[in-house]
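Scrolling down, you'll hit the structures one after another.
Presented sequentially are two complexes of chain A, the first with chain B as partner and the second with chain C.
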Partner chain A sequence: MAKRKSGKAKTIQVRALARVEGEGAFTIVLQDDRVADVKLEIYEPPRFYEAFMRGRQATEAPDITARICGICPVAYQMSAVRAIEKAYGIQVPEPIRSLRRLLYCGEWIESHVLHMYLLHAPDFFGYESAIAMAQASAELKAHVERGLRMKKIGNAIVEVVGGRAVHPINVRVGGFYRAPTKDELQALVDDLRWGRDAAIETARWVASLDFPDFTDDYEFACIRSDHHYAILEGDVVTNRGLRISEDEFLQYFREEQVPYSHALHSRRVLPESPGADDRFAGCYQVGPLARWNLNRDVAPDLVRQVEQDLPVSFPTTNPFHSIVARALEVLLAYHEAIRIIEDYEQPDPSWVPFEPRAGHGCAITEAPRGMLYHEYHTDDAGYLTKVTIIPPTSQNQLRIEKDLYMIAPRLIDLPQDQACWQAEFAIRNYDPCISCATHFLKLKIERLPTSAH
Partner chain B sequence: MATKKPRIGVFKFASCDGCQLSLLDCEDELLAIADAVEIGYFLEATRKPLTGEFDIALVEGSISTPEQIEQIHDIRNRSRMLVTIGACATAGGIQALRNFADVREFLSAVYASPEYIDTLKTSTPIADHVRVDFELRGCPVSKHHLVELISATLAGRRPNIPRHSVCIDCKRLGLTCLPVAYGIPCLGPITQSGCGVICPSYHRGCYGCFGPAHRTNVQGLVRAYQSAGVPEETLDLLLHTFNAWAPGFRESTRSVPEELLSRSTGPGGSGER
Partner chain C sequence: MTTERTVRVVGLGSPHGEDDAGWQVVRAIAAFAPQEWTTELLRTPIDLVATLSADRPLVLVDAAAEPLPDSPLWRFRWPELPTDAFDIVSTHAFDLRYALELAGSLQLLPELVLVYAVHVGGTPAATAETSYDRTPSDIVQTIARCLVRDLRRCLAEPASTRSGPVPVAGQ
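Our next item is the complex of A and B:
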């Protein structure tokens, strides 16, 4: 352990990060009332998906990669099928693409509502859980009950289109094993209309919360289409003028191992190399706040009108406003689901036949937490030879650390409990799904820095 | 009546979080469950730290690091009843595919600096490490099974979780048999019931999420499909997914090293131990 020359050193550490999906921990090291370091540790054990998938059939990728994350399995299935369809040269017709968008809307609703109501809202009210919040007052209980019903409707979409809510079974390369009938989908519409109204109430409710004052010069990144709010495909864009195709992603965004943290971070590849002292250079944010900031001009009128009347204005650079962006995306997902069902004609056949071939393909779709990149190489019999998966939480990690680094000075004089909670609160803006981040390394080395002066 | 609410803990090892999410997916029952029990530890839902003892420990995930071996013993010592939830905790999960391979090669395939990773060579079920009182199958578990397990335990009776095969449920629903009518390989005859026969309902062969059913003849089914012209390779992949390490499925692979086959017992076809 390094010798400390002077001043007080204080370490705020939370071993198990609650109310995130997966297992994480973070550490803030303070020296002389100055933030010396922050670390987001992931002790989610590695599961080696990219290794054990080699030698599997490419057609198995949607079912296997779904198991990376039980909260957003549809996202994994959608990035997988699109990447493999590119490798195999399969053109999927519009009715099947619409059905995929409907399925994805179900997951956005389920995942976003889970996060807003059960994971994030308790922070704003100072409760340890949504259950404690529901037990505290009739008014808060009514909110939680509304959230549970909204979430259930999202799950119902995934169940009807995908077969079940967690790890859907109906998705296959080329389309669906069986397309739902118009009647099966129509049966969802009354609930979806209720959900759309509930989503408007939700947006108004979360926009009225007290937001901590916080801002930075963020680089937001997401996929974009100029015609609709992109979920399944689009160009990769950022608010600093980048616009590239998904095929170019790895030329502009890179997973790197950084020696001082032993963790893989994604960062923008910058034109000139940053100063050695700027460990946050190239950090960026993905997810609902990035998407709403960058794509709200192509959102449906209803959602834009609701947004206009909120006390929070967009674009925003306060990460705590992410809960509002999430609510607006839930409204958008309900709205889109109703539209898709009303226009629905059952695709026949429900999937496009194909032959395996040697090739490679990559695809990015918008998981609830942000861009999810899959890339597959196949041999001529359809076996996978190389797999690359970059989940959204891996991309957000460096940005989360920078938020913690900036917020840390406010935590110094708080009691330990409060400091931990405030830091967790900031992390939860990103809805980090740590099970997804198969790349995260366990960080064991703890060095107290020497005083800088 | 009982004076004190039973205390429940939800714990996670190597997994995707989908099984504990199934508990939060019990939207109609969640607040009622929360009134009937004390949720003592559930990181996906609450900030409460780990303290004290538990009447029921629900354990998700497989054991894949040295630290997890210590943790599962600690949880066992704190818990009156320990229930594994899902294929990872019950059979080792899809990450148990490493058990058939060289984990050092896996490490260097995924990580640039493999020396920083602390991992075991195997991903194993909870029952390989501590006594397990009951297990729920599935990838993911059925939320109806979760509610039944909690209700039965609160009522002091045994959970009513059938152990027969998906095939029997499929016949009861009157669905057309996919292998017979269409030649689609289906694991329904050897897979435990519980999912609600979802795949055959969507014109897809069962792919074994609930693991081997009680007293099934896996080799018999494999031979029958082979003689019907299904390539051995197809069956090998089909049996080697989320329950690859479950006894019943794991012997049927061509690629298991002998020493691993004789190493551990793991959970059998029956739920209670």
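Our next item is the complex of A and C:
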């Protein structure tokens, strides 16, 4: 229970964040009604993927890295295959790239729908879980039922294209082990059309929610193509004018170790060293809100028209609007899936032959939670000599801490359970995947005695 | 009275390590179960919810990490599940209990939901079925036959299927 030891200071602590993927905690230290410190502590053990992959064949990377996450294995597979194909000089034809985009649409639907309906929506209605929300009224129960059906359709896409719904097995460097037939994909279309209508209803529903009033000067980052809504490839852009190729990513973004977390933090490389008092310098946000803010101009007409009629205006700097961006991306994913299937011609062969060689390649794709960077170095025989993986939750950590820092003054006079819930609500805007970042989450608010000065 | 043809038997787990115990047993059941029974394998309990219908008895077979005494196979009747037995790490904490509670709140659960727990991990219960001179395949077959025998009894007299943990094998 949070308590004020004096009239001016306290500590708020959540030891285990709920409704996030992985294990973590956070601590907010308040002194003299000032936020003294904020820490997002990820204590899930590091898994050392980058180290133990050295000496493995590069062709194993898609299946090995997919095990980093049970929610977004497709993202890991896609970043891995693209990076290795660059290292090997493999050009993948458009039909295979379209099939990859279809597989990714399935993962976006699965992941986004799960988060919106079962993890985040209960926050907006003040329920502790989707179970409590579903029991509250017939209307909310119908919403949960709709969400479950929508998610199932995403699973079906991943199963048909990827071979199975979780940790798909059909992806390989150069393409797919087996390309699905036109009939196999066509069998999904009726459900996808229902899902597209359900996604429109979902966008209207979440846009009507009561959003907390919160904003900041965010730097949003994502990949961008000027021709379509980027998922698999594009330049890295931010709303502050940065536009670079994915090959330049590490020149502009860097990871750093912090003593209280097993996950690395990412920040933008700034032209000048930040002042010692600006620990959040270079923080940025990746994920659906960043993508929709920066890329909605190239989204399909249908999705843009639906957005135009919503009571939420984009671009927005309110992170609680992320649930709306997520809903619009679900609509986009259904729409894209139908388009890809209607245009589909089964690629034959289903993969491009290649020879292993010494090389280096990096690639960024848009995981449901944001940019996922993979970089591989190979030797002459195709064995990995160096691996770098930067998942989206690592990139969002510093930005999450800044959101907590900004929201903390509102928590001072709240009872502990309310303070914890408000803070977790804000964190869930990012749908953090801590298992990815270490390759779960807890709130701790410390209320210190009044300072001596 | 419930007929056999309505039964849906679902193995939960994955192909990895001991987590595949539920899958192995359901695969074995599929080989000799009545043709009218449906068997399937699922990885994530939350995906069960969208496919449930309240008019079919549901039988779930899952690995249980918590040591269960005296028997390698235990039967539970929902909603009575031991707190720890199915406490296997699951994505976003959507474990079996959460999935069944959510299904219950959506009125999707049939009247009869049985959960069979296959003990994995720790010190296995030493019984005739799992004595160390038998192969894992033999053990899976035996557990599957014990499960089907017990399930037939429960389906024949569902009202008498008492709640609480019931040892199925090793008696």
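In this text, the second predicted complex is superposed on the first by the 425 of 453 C-alpha atoms of A that agree within 3 Å, B and C clash if a C-alpha of one lies under 4 Å from a C-alpha of the other, contacts with A are read in each partner's own complex, and residues count from 1 in each chain.
Methods note: a contact is a pair of C-beta atoms (placed from the backbone, for glycine too) under 8 Å apart; a residue touches a chain by one contact, two chains touch by 3 or more.
The structure displayed is predicted, hence computed values, not measured ones.
**Q** After lining both complexes up on chain A, report clash or fit for chain B versus chain C.
**A** Partners clash after overlay.
**Q** Identify which of chain B and chain C touches the larger number of residues of chain A.
**A** Residues of chain A touched, chain B against chain C: more for B.
**Q** In the superposed arrangement, does A:L118 touch chain B (first), chain C (second), both or neither?
**A** In the superposed model, A:L118 contacts both chain B and chain C.
**Q** Check whether A:G163 is in contact with chain B, with chain C, with both or with neither, and answer first, second, both or neither.
**A** The answer is first: A:G163 touches chain B but not chain C.
**Q** So, A:E233: does it touch chain B (first), chain C (second), both, or neither?
**A** Touch status of A:E233: no partner.
**Q** Touch check for A:Q135: first (chain B), second (chain C), both, or neither?
**A** both
**Q** Name the contact category of A:E145: first (chain B only), second (chain C only), both, or neither.
**A** A:E145 contacts both chain B and chain C.
**Q** Where does A:E219 make contact in the superposed view: on chain B (first), on chain C (second), on both, or on neither?
**A** In the superposed model, A:E219 contacts neither chain B nor chain C.
**Q** Would you check which partner chain A:D191 touches, where first means chain B only, second means chain C only, and both and neither mean what they say?
**A** neither
**Q** Would you indicate which of the stretches 25-33, 97-105, 169-177 or 223-231 belonging to chain B has clashing C-alpha atoms with chain C?
**A** The segment of chain B occupying space taken by chain C is 25-33.
**Q** Do any residues of chain A touch both chain B and chain C, and if so, which are they?
**A** 18-21, 70-71, 114, 118-119, 129-131, 134-135, 141, 144-145, 148-149, 151-152, 155, 165-166
**Q** Can you list the chain C residues touching chain A in their complex?
**A** By the definition above, chain C touches chain A via 14, 43-44, 46-47, 49-51, 91-94, 98, 101-102, 105-106.
**Q** Which chain A residues qualify as touching chain B in the complex?
**A** Residues of chain A touching chain B: 16-23, 43-48, 50-52, 54, 56-57, 60, 63-64, 67-71, 73, 114, 118-119, 128-132, 134-135, 141, 144-145, 148-149, 151-152, 155, 163-167, 169-170, 172, 176-178, 257, 262, 264, 421, 424, 433, 435, 438-439, 441-442, 444.
**Q** Show which residues of chain B lie in contact with chain A when the two form their complex.
**A** 12-19, 21-22, 24-25, 27-28, 30-31, 34-35, 39, 42-50, 64-65, 67-68, 93-95, 97-98, 101, 103, 105-107, 109-113, 116-119, 123, 139-140, 195-196, 198-199, 201-204, 207, 209, 237, 241-242
**Q** Quick one: in the complex, what on chain A touches chain C?
**A** 18-21, 70-71, 114, 118-119, 129-131, 134-135, 141, 144-145, 148-149, 151-152, 155, 165-166, 440
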